[in-house]
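Several structures are given next for inspection.
Look for subunit A in each of the two complexes below; its partner is subunit B in the first and subunit C in the second.
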Partner chain A sequence: MTTVTHPPARATTTPTRRRARPRSGQGTYWLYLVPGAVLFIGVIVVPFFMNLYYSMTRWPGIGEPRWIGFDNYTRLFADDTFWLSFRNSVAMIVAMVVVPTLVGLLLAAVLFDYLGKRFDGRVASGLRATYYLPQILPVAVAGILWGWVLNPQTGALNVILRNLGLESWALNWLGDTGTALPTVMLVMIWVQVGYPVVIFMAALQRVDPELYEAAELDGAGWFRRFRAITLPQIKPETFVVTLTCTIAALKVFGPIYVLTKGGPENSTNVPSYFAYQNFFPKSQVGYGAAIAMVLTVIVIIVSIIFMRVQAASERKEGI
Partner chain B sequence: MSTDLAVADRVGPARGGRTGGATAPHERLRRGPGRWLVLTAAVLLAVAMMVPFAIMLLNAFKSPTDYSTNGPLSLPTSLYTDGLVNFWNRVDYPGKLVNSIVISGSVAFLATVVSLLNAYALGIGRIKGRLWIVMLFLLANMLPQEALIYPLYYLAKQTGLYNTQLSVIIIFTVIQSAFGTYLLASVFSTFPPSVLEAAALDGASRWQVLWRVVFPISRPTLAVLVIFFFIWTWNEFFIPLVMLIDNATQTIPVAIASLQGDRLMDAPTINAGSLISLLPAVIFFLIFQRTLTRGITAGAVK
Partner chain C sequence: MTRRRHGRLVAGLLVLPLALAACSGGTDDTDGGDEGTGGETAATEGGTLKLWHYESADGAMGIAWDEAIKVFEEETGATVEFERKAFEQIQQTAGMVLSSDEGPDIMEYNKGNATAGLLSSQGLLTDLTDVAEERGWTDMLPESIQTTARYENGVMGSGPWFGVPNYGEFVTVYYNKAMFEEYGVEVPTTLTEMEDVMDTFVAAGVVPLGMAGAEYPAGQLFYELALSKADRDFVSAYQTYTDDVDFQADPLKYGAETFDAWVKAGYVAQDSASIKAEDMGVAFINGTTPMIVSGSWWYGRFVSEITGFDWGIFNFPGNTLNAGSSGNIWVVPENSANKELAYEFIDITMRPEIQALLGNNGGLPLNADPADLTDPKSQELITAFNEVLDNDGLAFYPDWPVPGYYDVLVAAFQSLINQSKTPEEVLTEIGTAYDDGVANIG
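And then the complex of A and B:
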């Protein structure tokens, strides 16, 4: 948090540095970019354009790809599973962005502003670490743990429900088209909620306490201060959290692979898993590549919109 | 959640009415029963989040018969370690652990070096078009891995790198260093110029400035990157799943996912397996908690 960028500060230091820097041999700095650039071109740029090419071919992965132009894309837009997978992306955004950000904001405010001031500092940081714990687990490990908890026959949840006499509540959580998506969403909320808590708590630390003291003297209650000071002050972090989580939600793969494999009846399928299915089990590389390209375009559009909105709000506040 | 807020809101005005906010605020705040209610709510939520871990721990040392007769909530009747042994042997846990360490360790080191070199050129060298280059790196970091995976899979097969740890190491070195470059370049753009001038006056070359001046000063940031890259790579799933099909090369996440739907896996084995699979991540987190928190937040505001 000590590294927050303050554009005005930077603008004043830049000219001095430029003047002081010796101008001779400026070109040699390029050399330091060579290893990174070569790797970058080999692993990102070339594969990306290869994928773009594949998306316009019919290719089972062996033999020669056959050029078919935009056929994969027209086929995609008529494919119900494709649209379903994007509807599920919206559900993932709710579970990975909307709910965690709102809950995380309140938790961070309560931990930092309320509990942190009334109890030993270790109470707040201990709770923060606990909320964050699911975030550090490999998703496959979290998935296999939840897969067992939610198993219809031997899973802990249903065994507990049956022991409590709630036999009718013991559902096939991940195996039923009606419950699979909400269940996956709950698991994702569990995974995600700690991330905004950590970021927002750090953000709160850099807010000037005098603002709160002044508001308090003016008789503003906790909620008023939260709305008038906390929310506007931590706006930059809110942008970052919502942007990174939205991208993560659009790209989500591991939890789907481990928990449901997109099933039942595609009710939990998402674009990245749908692409994977076409690449490997179905050997429809061209079609998979087209799905991946559409997903890429959406991710880029979302990122650009976020950055535009962020820049606009910073201009408005005259930062 | 709504209860937390309601309580907090009720307590708020009660305090707001008092004057003299500067005099011993902590003494003042440490009174009142409301704080215990909020604490209880926060702790209850934390406990609820820990329930999956708690029942995992409870069932990792139960025998299958114990589990089927007494259910998941009872204490184990005896200490049963066969689940642990089964899992350990079935997935060759030590082998997978070594694979994960080799891959994540190499990526953490290499990606940090690449990030440092890139950021030196972009942040300190301020070469032309640096904004575009940084944007390009950032874009690559946001790119869905699905848009790269098939070509990478195909290229790896062509070059004989398929199913080798080297393929995964190279790929993640690039992906992680894309983020590292972005972060470090903006840190370096505020590097104190007087330090660089002094080094230049002493006749230091670019290479010497990098290793004798920039590197030592930025060591704390680099340490954060190393830890981050290590954990991110450790937890990666998609690319290792595609690239590492062989038992001898797989990482822990891929190995445990491949056990899924294995009918031989009884509840204690699943639990014991989950337990020892998440231990490395938890231990790492406990050791580096402070650095990580600092790093997440540094990344957030860049």
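And then the complex of A and C:
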């Protein structure tokens, strides 16, 4: 009874303060966003619109840009290398998102459910760190390392294969148009797989163990528990991994630069490297900006789609 | 609800770069960094010369320029504020840096239409014509070397001086004398003899010619082959657009077809499309490759690193024209605050004693007193270079004519090494890119 009658009494005594408090709170709240907003405008919004402007100019990088409207975009959509680079982006998504996510899920589940419970916890931690190691290596170092390993004449891989009598398996890994892209994809899987493993293992630690115990008591096997409990429980992390890695795959540059420079014969070229080629060696900054613009728009669209799907999924599950 | 979702979207976009940094495995950061941070204090008139170059400290030019800096400081009383840059760092940021007031007073820069030519056409480089005449540089440097100093509307070969070259470079054939002896072959003097030598190696199961399809060596071999059928008019047409260039006719047709034939004959390894120049050089240093066709920039390194066998050079058999040019050039930015000091420094690098130092460390001096060049190995290189100069034989490099042509040539000759395209297709590809590039320049 008291609780029902008391609030009106307070309301009548402090009507002004009640209205003022939320306003002042909101003002403080927005203040915290100012540094981020300034950075966002300076680092993303302004360069974005500058890039949009340059993409509609013919400009060698110095002097005055010459306005040419949509000519760069018209040229871009008729450029075979541009389309080839986007086809290669799909291969990069397979190598940097699909395979690492699936393998990462499996590895994380095995490390957490099996090795973590049957062995000393340090075994699982050690293995997790091992998988993550390629993520720590600077991409230039990893690229040079793989360049040595995959050298067709003196590389470790071909030397081992030849010593084993498998001469026909010793291929020109990064130099043949048929093998270069799959080889780069394998290297990218090696680079990427540790990231989902670490994220998924962290996610698994927050899943309520009682769910597994209850399922085990009900006679659910490992795969059933994995499908019915693990996968749904770590869905938010799966979204984060797939979103961030898809964007990374779309804009991958470093590994291509170090491993193949887009070759041989453009067979491993990707949009960001293609943009770089135009920005710097070719001094066609306007055209490079157009490529970067298209890539940016695609990344934004992909991000929005992912976020909407995630939001819809959360709504459906009442999170 | 809608506002909440929008808020989440904005927040998501804000944190996205952080997450991506974790996911993407990083990016190459080698060319960022210290542009425009050229020292604690700005250059003061007459007191400080801000100098950038990208020669390695232990290379011929690095050694010579270090000495020049020392002499300059002693003679002028000025201080040199030196920064060693990476080649690509200067290549990719020169336009922006020189447009600002953060640039150096003098800088080493790459010669050619797409580099020094482009900067000169934008008014970023000082016209050095009068200084070159006053200080006698015009008399010191051979005519073909001066080509890279002069730019008319951004195209090299004529017009005012915008850069000063003071060393040379050219493409020659390095050979392993021990292997030649082992397989009983002599240094060839004609292309036919060269092919005979290579046949001998192929018959013995040795790939005779080192190659690096991922970088410049393939394009340079193609160009050397084309030059065997070319004359100075072709070089002028190809490099400075004095006439149309027919890519489906000799000499370029001969170059591509012979390159293709050499791959088919096993003279060039068919698995070399992804090999980098460094690997090709190391294979020669290790004594596994009998010959490489490459630039004089390897010479000093080979002198210091090849210890297990005797080696030498001979110019591409039968050619009077060879890929080569001046080395990189000194440029004085238009915004330089100390131009007179910059001219004085260039003058010192031209002195015979500095040039001799360069020559005795594996470089190719342009103004050295022959009596000062005492190192026998360096004499061998300089003799071969003088042979090219005497023939007015510097034909520059195949990727110079248009910006971005380097990548076009690399991709094209990877196709020939992999045998995935015919010479005709390759010629069409590089011809189209050339025509587009020339049209853009025009």
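Convention: the second predicted complex is superposed on the first by the 275 of 319 C-alpha atoms of A that agree within 3 Å, B and C clash if a C-alpha of one lies under 4 Å from a C-alpha of the other, contacts with A are read in each partner's own complex, and residues count from 1 in each chain.
Rule of thumb we're sticking to: contacts are C-beta pairs under 8 Å (C-beta built on N, C-alpha and C of every residue); 3 or more make two chains touch, one makes a residue touch a chain.
Note that this is a predicted model, so its numbers are computed, not measured.
A.B. asks: More residues of subunit A are touched by which chain, subunit B or subunit C?
C.D. replies: Looking at subunit B versus subunit C, the one contacting more residues of subunit A is B.
A.B. asks: On the A-aligned overlay, A:Leu133 touches which partner chain: subunit B = first, subunit C = second, or both, or neither?
C.D. replies: A:Leu133 sits against subunit B, while subunit C stays out of touch.
A.B. asks: Determine, under the contact definition given at the top, whether A:Ala292 touches first (subunit B), second (subunit C), both, or neither.
C.D. replies: The answer is first: A:Ala292 touches subunit B but not subunit C.
A.B. asks: Is A:Ser303 touching anything from subunit B or subunit C once the two structures are fitted on A? First, second, both or neither.
C.D. replies: After superposition on chain A, A:Ser303 lies in contact with both partners, subunit B and subunit C.
A.B. asks: Which partner chains sit in contact with A:Gly36 here, subunit B, subunit C, both or neither? Use first/second/both/neither.
C.D. replies: both
A.B. asks: First (subunit B), second (subunit C), both or neither: which does A:Trp146 touch?
C.D. replies: After superposition on chain A, A:Trp146 lies in contact with subunit B alone.
A.B. asks: Is A:Phe253 contacted by the first partner subunit B, the second partner subunit C, both or neither?
C.D. replies: both
A.B. asks: With both complexes overlaid on chain A, does A:Ser168 touch subunit B (first), subunit C (second), both or neither?
C.D. replies: After superposing on A, A:Ser168 lies clear of both subunit B and subunit C.
A.B. asks: Once the two structures are fitted together, what part of subunit A is touched by subunit B and by subunit C alike?
C.D. replies: Of subunit A, residues 36, 40, 61, 134, 138-140, 142, 147, 154, 195, 240-241, 247, 251, 253-254, 257-258, 280, 303 contact subunit B in one complex and subunit C in the other.
A.B. asks: Would you tell me which residues of subunit A are touching subunit C in their complex?
C.D. replies: Touching subunit C from subunit A are residues 36, 40, 60-63, 134-135, 138-140, 142, 147, 150-154, 172-177, 180, 191-192, 195, 240-241, 243-245, 247-248, 251-255, 257-258, 260-266, 277-278, 280-284, 303-304, 307, 311.
A.B. asks: So in the complex, the part of subunit B that touches subunit A is made up of which residues?
C.D. replies: 1, 4-5, 8-9, 11-13, 15-17, 19, 21-22, 25-26, 29-30, 35, 38-39, 42-43, 45-46, 49-50, 52-53, 55-56, 59, 67-68, 71-73, 114-115, 117-118, 120-122, 124-127, 133, 137, 139-140, 142-155, 170-171, 173-175, 177-178, 181, 186-187, 189-190, 193, 196-197, 200, 206, 210, 231, 234-235, 237-238, 241-242, 252-254, 256-257, 259-260, 267, 270-271, 273-274, 277-278, 281-282, 284-285, 289, 293, 296-298, 300-302
A.B. asks: In their shared complex, at which residues does subunit A touch subunit B?
C.D. replies: For this pair, the touching residues of subunit A are 1-5, 10, 13, 16-18, 20-22, 25-26, 28-33, 35-36, 39-40, 42-44, 46-48, 50-51, 54, 61, 103, 106-107, 110-111, 114-115, 117-119, 123, 127, 129-131, 133-134, 136-149, 154, 156, 159-160, 163, 190, 193, 195, 198-199, 202-203, 213, 216-217, 219-225, 236-237, 240-241, 247, 250-251, 253-254, 257-258, 271-272, 275-276, 279-280, 285, 288-289, 291-293, 295-296, 299-300, 303.
A.B. asks: Quick check on the complex: what are the subunit C residues that touch subunit A?
C.D. replies: Its residues touching subunit A are 5, 8-9, 12-14, 16, 19-20, 22-28, 30, 91-92, 95-96, 98-99, 114, 118-119, 121-122, 124, 213-214, 269-276, 279, 283, 403-404, 406-407, 410-411, 414-415, 417-418, 420-421, 440.
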